[in-house]
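In the part that follows, the structures are each spelled out as structure tokens.
Heads up, the next two complexes both have subunit A, just with different partners, subunit B and then subunit C.
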Partner chain A sequence: MLGRLAGEIPRFFTLQKLALLLEAMGTTLAMTIIGCVFGFLLAFTIVFLRQTPGRLALPIRLVAILYVEIFRRIPFLVVTYLVLFFIQIFVSDASLFAIAVIAICIYSTAYTAEIIRGGFESVARQQIEAAAAMNFSRWQTLMSVIIPQSWPVILPPAVAFAVGFIKDTALVSQVGVFELTFRGKELNNEGFSGILVFGTIALLYFAMSYPLSRWGRWLEQRLASSPSKRPQQRLRPAHGP
Partner chain B sequence: MNYTFQFGVAFAQLPELLKGAVVTFELGLLTFWGGALIGLLGASLKTFGGPILRRVAHAYVIFFTNTPALIQIYFLLYGLGDIGILWDGFTCTLIGLTLNAGAYLTEIMRAGFISVRRTEMEAAETLGMSVWQQIRFVIVPHIAKTIYPALANFFVVILVMGTSIGAVVGVDELTGQAINISTENYRWIEMFVVVAGIYVVLTLIASLSLALVGRWAFRVKAKVF
Partner chain C sequence: MHHLQVKDLSSAYGPLTVLRSVSLTLSKGEVVALIGPSGSGKSTILRVLMGLTPPTGGEVWVDGAAIDYRSAASIRAARERMAIVFQQYNLFQNMDVMRNVTIAPVKIQGRPRQEVEAEAVRLLAKVGLADKHHSYPDELSGGQQQRVAIARALALRPEILLLDEVTSALDPELVNEVLDTIRALAAEGMTMLIVSHEMGFVREVASKVVMMDKGQVVEEGSPREIFDSPTSERAREFVGKILRH
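Showing the complex of A and B:
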């Protein structure tokens, strides 16, 4: 076994194959980032719609709630297949990358909507009442009262979700997107040993996921401490009264 | 668009799909309890172990939470096949998912372990409790109440995200059954819409019953929605 591995390693780690794997990593990262950024924007819309006041807006609220509750309870693989076959009704030669991005977007919208809602609800009610007293519109309240106070609460878990989703995108290899897992399966089918191939693929995923998750944690700690407590920003020593 | 939906075909397969749902549920339960045992061990090592054991547990958690569960399963299926360990898809999925869940559950349980405060133990000692009584009446109830919501949430995550990965390596759970049937009758959209519905019902049942158990056993006010 070790002999076989030693024989395969020079053939496996050629520049050509490494370039292929790096490109696949790029695809994995690109579809995660595009999908999650669009998902984040859509989630904002969903939460905004969910908080529309009034009896007439009840159907809108209901749709927003149902969207989140349903898509959080369906496996990503099922969502991917649904998007794949549904889009193929309309566009028979749709790009698989676009299909993967749409599936990621649909899924991340549902999850980040819950994160954003949690962030919005962390803003004290008096703040919103004060904004209403000053005759702010809903949009003004959102933009100048709610978002400035809630983004430190929203951003860290949203980043953590996106970073965690890098790993879950491995499932779109099932529909044939040329991403990291798909390339791994391809190399394994070419006859390279599974230990070598999937060991390498696992390490490449680790190389993407670990630094980003560390960065996410750093972001969380930095945002959690209020600006006045950050050591580098304390320019003057505090004086007593 | 010239596609006519035929949901009747999909509903006719409901018995087959429900068979898959049972496998999903079994896989979810086995994975969760296996992962919980590993998590208990991992959290104990991380909290009470020596410097070496602590590093081992930490490395395990870091590695398994930063690589995809699918790759872990592929490694077991195709990698170990090369050295003569030939497990079928179900075994590989079960072992892979259990190891993966164990890493996440280690972190959840460790958060519970470190939430027990020194003063609580001192209070229990002052009341003259034996070590066993301290564990039974102070530590376990406290930890259970702290981590129950996270555990319940994680079970639903395994039930949805986790077990469906098995479909990729040929396990006949809910998603796998849908793929099997669809490749025969080409009613992919209808099948997957019905399957999505079953997943929603399945997880709602799980969430609701876990919330009820939590309220009854640990006085946790868990939110279903």
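Showing the complex of A and C:
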């Protein structure tokens, strides 16, 4: 067994195969980053809509809440299939990469929306009242007060989510995107032993997520230690009426 | 004409009535103090005036113009004429002193940045913080933060300044620096509605004292009348209690 493995190694680690794997790594990274960055931006929109006050905005709030609650409760693979078959109704030869990105985006929007909402809610109510008393609009309060004060709370878990999601994108190999796991399956089918192929694939996933998660940790520590940018310490509640 | 007139103002929080038919008036250049036990509704009046707590009834006029607190435009107009200083200062934690003072005049009122900055420099000097332009709120003492908050409110150029227990959150040795700032404003003729527990200070700067209890005005008059010869039983009891401190 070990002897067979040793015999395979020179055939496996050729420049051509390494290039193939690196390209697949790039695909994995690219779809994660594009999907999560757009997801993050859409999540801000979802949270903004969800916090729209007033009775007239009730349907908007409901849609925002439903979106988050539904997509957080569906497995990512199922979302991917749904996107695939839905898009194929309209575009028969849609790019699988684009489909994967859309699925990642839909999924990460729902997850990061909860992270962002938690961050927004960590901003003291008095900060928002002070802005209101000076005639800040909702948008101005969001941009000048809420986001600058809550991003140290939002960014670390959002980065952690995206880094963790690098692994979960392996599931889109199921629809045939040429990402890392898909290439692994191909090489395995070509006759290379599963241990060798998926051992290498595992190392490559680790090589992507470990530095990024270290970077996330560093970011978190840096945010926590900058004195004036951190969100307001909890104040004791203001006196009643 | 009264500068600010409040008539039969009521406010309720769920089943809890916080203000019952409160009326009061404020003339230009006058300093009116609201006193009374905790929970008597003093701060709620200021919050209602600023559109932070909705009223359930009554009327408010500023310079003869009625304010409709169901209309966002009317609330904006009210906030252009009145500014509030909060008990907990509520400075924006993510901005330095200068930006705290200048952001609303520049971004919201649309005044030229240079002019606003020059005014901010003057206001910060006036409250004794000329050397703190680039400090962040959490690098300042409570008294310093509250003086920045006063400068921030003044930078809005309000006609009426509302002060909500502005010394209650401060350590005793920091109270006077804030009171001195307010004394100077009163001497300049700033129209102010002050909620305060500092009775010596109220007696000194207020032209009129309004005593509240359980959401109602129980007595109003000059400081001398309220503190030396209160007529109502409730006022006598309250004044007796605070003077024994």
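The definition used in the following text is that the second predicted complex is superposed on the first by the 226 of 241 C-alpha atoms of A that agree within 3 Å, B and C clash if a C-alpha of one lies under 4 Å from a C-alpha of the other, contacts with A are read in each partner's own complex, and residues count from 1 in each chain.
Following the convention adopted for this analysis, a residue touches a chain if its C-beta (ideal position, glycine included) is under 8 Å from a C-beta of that chain, and two chains touch if they have at least 3 such contacts.
These figures come from a predicted structure and were not determined experimentally.
When the two structures are aligned on the shared chain, A:A6 is found in touch with neither subunit B nor subunit C.
Of the two partner chains placed by superposition, only subunit B is touched by A:D168; subunit C is not.
Legend: residue contacts after superposition of the two complexes on their common chain; A:L56 is shown touching neither subunit B nor subunit C. Of the two partner chains placed by superposition, only subunit B is touched by A:K185; subunit C is not. After overlaying the two complexes on the shared chain, residue contacts for A:A133 are found with subunit C alone; subunit B is out of touch.
When the two complexes are overlaid on their common chain A, residue A:S144 makes contact with subunit C while staying clear of subunit B. When the two structures are aligned on the shared chain, A:F198 is found in touch with subunit B, with no touch to subunit C.
More residues of subunit A are in touch with B than with the other of subunit B and subunit C. Contacts of subunit A with subunit B, set against its contacts with subunit C after fitting on chain A, share not one residue.
The touching residues of subunit C, counted against subunit A in their complex, run 11, 13, 18-19, 38-39, 41, 43-44, 47, 50-53, 76, 79-80, 83-84, 86-88, 90-96, 103-104, 107-109, 136-139, 156, 165, 168, 215. In the complex of the two chains, the subunit B residues touching subunit A come out as 1, 3, 62-63, 66-72, 74-75, 77-83, 156, 160-161, 163-165, 167-168, 175, 178-179, 188-189, 192-193, 195-196, 199-200, 203-204, 225.
Residues of subunit A touching subunit B in their complex: 1, 4, 65, 69-70, 73-79, 81-82, 85-86, 89-90, 167-168, 170-171, 173-174, 181, 184-185, 188, 193-195, 197-199, 201-202, 205-206, 209-210, 213. Listing the residues of subunit A that touch subunit C in their complex gives 126-127, 129-136, 140, 144-145, 148-149, 227-233, 235, 238-241.
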